[in-house]
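If you scroll down you'll find the structure; I have some questions about it.
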Amino acid sequence: MAAADFRASFELRLPDFNLAPRFEIGPEMAVLFGASGAGKSLTLRALAGLVRPDQGYIRLNGHALFDSEEGIDLPPQDRGVGYVPQHYALFPHQSIAKNVAFGLHDLPNAERKARVSELLARMRLEQLSDRKPGEVSGGQQQRTALARALARRPDLLLMDEPFAAVEEDLRAHLREELLRIQKDFAIPVLLVTHSRAEAYALAERLIVISEGEIVQSASRDDVFRRPRTPTVARLMGMTNILQVKVVDGSGTELLADWGAFRLAIAYSGSRAQGSTLTVGIRPEEIRIAPAGSEAQSANRLTARLAKDEPQGVDHVLQFTVDDQLLEVRVSHPAFMALDLSAGQERTLRVEPESIHVIPDPD
Amino acid sequence: STAPRPEPLTIAAAASLAPIFDELAEIYEDETGEAVIFSYSSTGNLAQQIRNGAPFDIFASADENRVDELIAEGLLDEGTRLAFARGVLVLVGAPELGLSLESVEDLADPIIRDVAIANPRHAPYGMAAAQTLLRAGVEVAVLPKLVYGESVRHAGLLVQTGNTDAGLIALSIAKSMDLPSLELPEELYDPIQHVAAIHSDTSQSEQAARFLEFLSSPEAQAVFERSGLVAGEG
Amino acid sequence: MVSPLVLSLRVAGLATLFAVVFGIALAALLARRRSMAANITDAAVTLPLVLPPTVLGYYLLVLLGAQSPLGAWLESIGIDLVFTWQGAVVAATIVALPLVVGSTRAAIEAVDPDLRDVARTLGRSNTAIFLIILLPLAWRGLLAGGMLAFARALGEFGATLMIAGNIPGRTQTLPIAIYDSVQAGDLASANRQALLLTVVAVVLLVGIRYLGSALAGRNARGRG
Amino acid sequence: MVSPLVLSLRVAGLATLFAVVFGIALAALLARRRSMAANITDAAVTLPLVLPPTVLGYYLLVLLGAQSPLGAWLESIGIDLVFTWQGAVVAATIVALPLVVGSTRAAIEAVDPDLRDVARTLGRSNTAIFLIILLPLAWRGLLAGGMLAFARALGEFGATLMIAGNIPGRTQTLPIAIYDSVQAGDLASANRQALLLTVVAVVLLVGIRYLGSALAGRNARGRG
Amino acid sequence: MAAADFRASFELRLPDFNLAPRFEIGPEMAVLFGASGAGKSLTLRALAGLVRPDQGYIRLNGHALFDSEEGIDLPPQDRGVGYVPQHYALFPHQSIAKNVAFGLHDLPNAERKARVSELLARMRLEQLSDRKPGEVSGGQQQRTALARALARRPDLLLMDEPFAAVEEDLRAHLREELLRIQKDFAIPVLLVTHSRAEAYALAERLIVISEGEIVQSASRDDVFRRPRTPTVARLMGMTNILQVKVVDGSGTELLADWGAFRLAIAYSGSRAQGSTLTVGIRPEEIRIAPAGSEAQSANRLTARLAKDEPQGVDHVLQFTVDDQLLEVRVSHPAFMALDLSAGQERTLRVEPESIHVIPDPD
């Protein structure tokens, strides 16, 4: 296995929160994804040296930034880590150019100027170099913060929710720019977000954090397609988590019962008959058959509509199946075509490929 | 330890002596051509300052106990101890009250609501006032009316500004404030001796001795008398 | 012979200078700290405000006087603080210090803590961060603290009387001269001197405010 | 008979309350004003810092005493300030006031003036704007000012001694008791009482800081 | 003449600036346009009642907001004027909803809530109502400030550089929104900008301010096409201002000499022969003939290239004609095709319609 560029494994105990992340990343775009309060910002702050873990290590390119056993705890000044906090924290009384130059005090004058010019040009900020941060737009502020962090040629770049203060319309554009920068600098970039869409759009590696612990760290597609635990599954949008009982685990498809219904599940491993299995189904991967369809063969469920919740251009429908709930998402036109109303019974259908086996129950 | 200085005599003097000593200094300077400087403060402050190395040549106190303490500690020269004047305690009433106070017993009269005296804990005139009340047998009636001034001057000020109806203060203060006053019988309080002594470490013992001598001179004694002090025991 | 006014201005000026310098340093050390040591330092700095100046002066006298080891050592290296105007500077500095620390600390803590954090990841020393980022953004609090300190130093009397004495021409500052006049029953002089002190204080405070806003405003304009 | 400690706490507590209320009002009036009247008021508020407390107390005594019209009027409506603990509250309030005004004013002026301007175009009274916008954004300065004021009020001694006298059990606050002991040469008592005052001050100041940050932080968290 | 909704004519003297604007606007989108320091912000502040003019009047729908002669000076609170300052000045410690509700204190509770909901919905801010201003994007902040100013149903809306903190990409979108809001509320809106492009994109009425005075106030096209003074002409991008001598002012085209060259000028008025005339030519309306072309007939000038300044995708070329300068703007491809280099001589051509007569010299 090739050595990762950056590894962290530490524990940080706070009065009512315990942070214990463990992950490694290479020179890639890694996204730390989790719910609000999961410990994302705190993790970044620990990596930057702004809070001190109680134990463990943080290693960058083979050097320890922190190691409780060896008694190493480099101050933020000496970590060679670029940090862009959530609201950029630009120095409000200094010009854009001075902000960028702030970390370059130890360079000779000419070199410092050259470096600043280069970065301002790269970030398309030349015209604004004399303005104060309050006088430029949100996207320009973000680019300034990025330029400031990159000026010192860090070996790792940390960014906390960099798109929160940027227009939706601009985000796609800024994301591309960020991906390009990551490739140019060829350093690990760890970016924090609580937006699934953003995680999906950016991540090469996706690191999922929940209640202070890393619950899965893998390629983006791995995490989205094969969540390891129900928590990850839910975070990835698989809101339907079912407990099923294996009936036949020997064939190419696994057969299992969920209450009165039999489900065929695409699964390459094998499972003992009678064992319990956790599976996840995305609400958009459940189809609703038109009124009057039959509901007998496998992967067909009879369900009653309990609630209809319009969400943006979609409808999220809550169905009861026996006494359990299934969430189904349909587009608005499809919903109109189905002519559904609460209390009605319908047949739901799920493809075996849409039922994902979740290996580790929480 | 005071380093030798070709400077004027520096005299630590009780604040209550301020107006009197300022007058004496002028006469003395005219006579001898030697300048003197006073550092006025409360007797308690001055004693602490001397203990901590204040460069005073002479300590002139309204409280003989403080001088004796410092003599005992070796800071003042016992041989130079001079009781140069004696304080007189008087009874004063607020000017606009229009009462004629005739004796200390009058203070017990309910018409008198409050009585200012200097703090008996550290001011000699306060101590004398307390003795007076006790010996006159009015302490029970007067005690609840007492207001302690920070100094005997403060007590006088309280009467002068009409904030207390009466007070037991120094005659010198009453005179300087133009307050009509009633002298109290001497047996009611122990003598308020004003004592001076020369600092053991002074570098100017000759000048200092000259000044003490001047304090006993008829000229100085005349000033004391005029200001409301009684001539010292010599 | 120095006039009480000149002496007062010299003492208050120097004391303000020292109080501002030490006060800024202390505010820097204390801002956003929650440690035991920080709390104790904070309390120690505030004490000169709580203790009556005379009492403070007494403790200073004992601490710096000829009989204390510190006083003896200072004297051996030629520094004589007791009964000198330099002693008055020490007293005024100590009483003015908490005013600088208090308001500067509050202003520094009002600065977004992310600014400091980011600055640290950019390799700058804590001192540089403090001087380049925090202080310029906290200038109003510093100015207010400096003004309070100057006013307090100019009016200082209790501790000064104790440690520096009341020696005309040497240690008699204007407030002490006023005390002296009051003691001598010369209320006319006292009023005159108090008026002088008042006018001087008002003129200088208004001056400091204008100068301070102008200077600080130039460095840290932003939108402030 | 009230113990000096209890009396001190009562006086300092009330004085801080008054100083904070009046101080906020004055800071509101003075902030960003450049008029002559504002400058004079500012100077007048600062005076208690410049004048020796004893002298200040003397003026207060004359102003509020029985012979003054103001004192007579106050007495006629049943308010007796001379030789009462209420008088001590007045003295402590006056000496503490400039500390609140100074640091609150600085903190209010640090708030973006556009906020106030916009708020005015939105039809709200200046008082509402001050209470809803400016004060919550200036809480750190207010807290610092309040703490300085409390410390100063707790330690107040010179002016209090003049106006309230030194009446054990009635007006003898802890600082006056300490002064008394030092004057009487009873250093053991003085040290004991000074230690008590110190400990109480430290405990309460640390308490105010925590409570203040917690309360103010809740209202005006933002990113501050 | 129909009464305008809003009229202002006042004078405000500052130590080193004299502001004396005079203009009127109807229920339209008016843009106050001028260079930095021309007095735009100060004018808005005076209209809002935040600074007090020395004399003159400000009248809204027939009522005086300020009138030095009648001694009227309404405080900002009573003017019924909405004001959005340059950086929005949102209250940072209050939620978006509270910001919007700030001016509605005198409404009954239910009505206040309804009004806030309506505005939040209109500005698409419902989802953000509990967020603090620091937690939303620049465009969302702008919409919040607008909602807050409109909440009180003002009779006039003032906005100072509302697009300065917004991404270039978003501006077009926000401008449209603003125009729609102006139409919906049907009140005069006075918007400040120092960007010519923005003034062009937004203004129905364009009010040009220079050194504290209104130098022209007319419809946008009037101002762009027929600047009244050289100053306005320059502000509108007519960088070439020439003094010409009339040779024949009697025909359908006016003939005039500029140094050695004769110019035909499209002009409907008549001018005395021998009189001096000021004309303006936009740099993009001057054509450069290919090398070797003749330069004899009218409106052809022989010029020498002095300087080439790339500006974005264009080139701004400085030509000398005799000893005078002419600025010419060409696109990058055209520039390449012309194969120009400094010192070369070329023939320049200007259509008579591209030469604008400026009636009032400064």
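For clarity, chains are labelled A, B, C, D and E in written order, and residue numbers in each chain start from 1.
The rule is short, and it goes like this: a residue touches a chain if its C-beta (ideal position, glycine included) is under 8 Å from a C-beta of that chain, and two chains touch if they have at least 3 such contacts.
Since the model is a prediction, treat every value here as computed from it, not as a measurement.
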TODO: Could you run down the chains that neighbour chain B and chain E together?
DONE: D
Task: If a chain touches chain B and chain C alike, it appears here - done: D
Task: Approximate Å spacing (C-alpha centroids) for the pair chain A, chain E - done: 45
Task: Chain centre separation in whole Å, for chain E relative to chain D (CA means) - done: 54
- [ ] Indicate the whole-number Å distance between the mean C-alpha point of chain C and the mean C-alpha point of chain D.
- [x] 19
Open item on the list: So the centre of each chain is just the mean of its C-alpha atoms; given that, what is the distance between chain A and chain B in Å?
Closed with: 85
Task: Of all residues in chain A, the ones touching two or more other chains - done: 87, 134
TODO: Could you check chain C for residues that touch two or more other chains and list them?
DONE: 54, 58, 112, 114, 182, 223-224
Task: Two or more partner chains touched - positions in chain B - done: 45, 48
Task: Chains grouped in pairs wherever the two touch, ordered by label - done: A-C, A-E, B-C, B-D, C-D, D-E
- [ ] Could you please specify the touching residues of chain D with respect to chain C in the complex?
- [x] 39-40, 42-43, 46-47, 49-55, 58-59, 98-99, 102-103, 105-107, 109-110, 112, 114, 140-141, 143-145, 147-148, 151-152, 154-155, 157-158, 175-176, 178-179, 182, 190, 194, 197-198, 201-202, 205-206, 223-224
Open item on the list: Under the definition above, what is the set of chain B residues touching chain C in their complex?
Closed with: 1, 10, 12, 15-16, 18-19, 22, 37-41, 45, 48-49, 51-55, 151, 153, 173, 176-177
- [ ] Quick one: which bits of chain A touch chain E in the complex? Just the residue numbers, please.
- [x] 87, 134-139, 164-170, 173
- [ ] State the interface residues of chain B toward chain D in the complex, per the touch definition above.
- [x] 42, 44-45, 47-48, 66, 69, 96, 114, 119, 121-123, 146-150, 154, 157-158, 161-164
- [ ] Would you pull the chain C residues touching chain A in the complex into a rising list?
- [x] 112, 114-115, 117-125, 128, 132-133, 136-137, 219-224
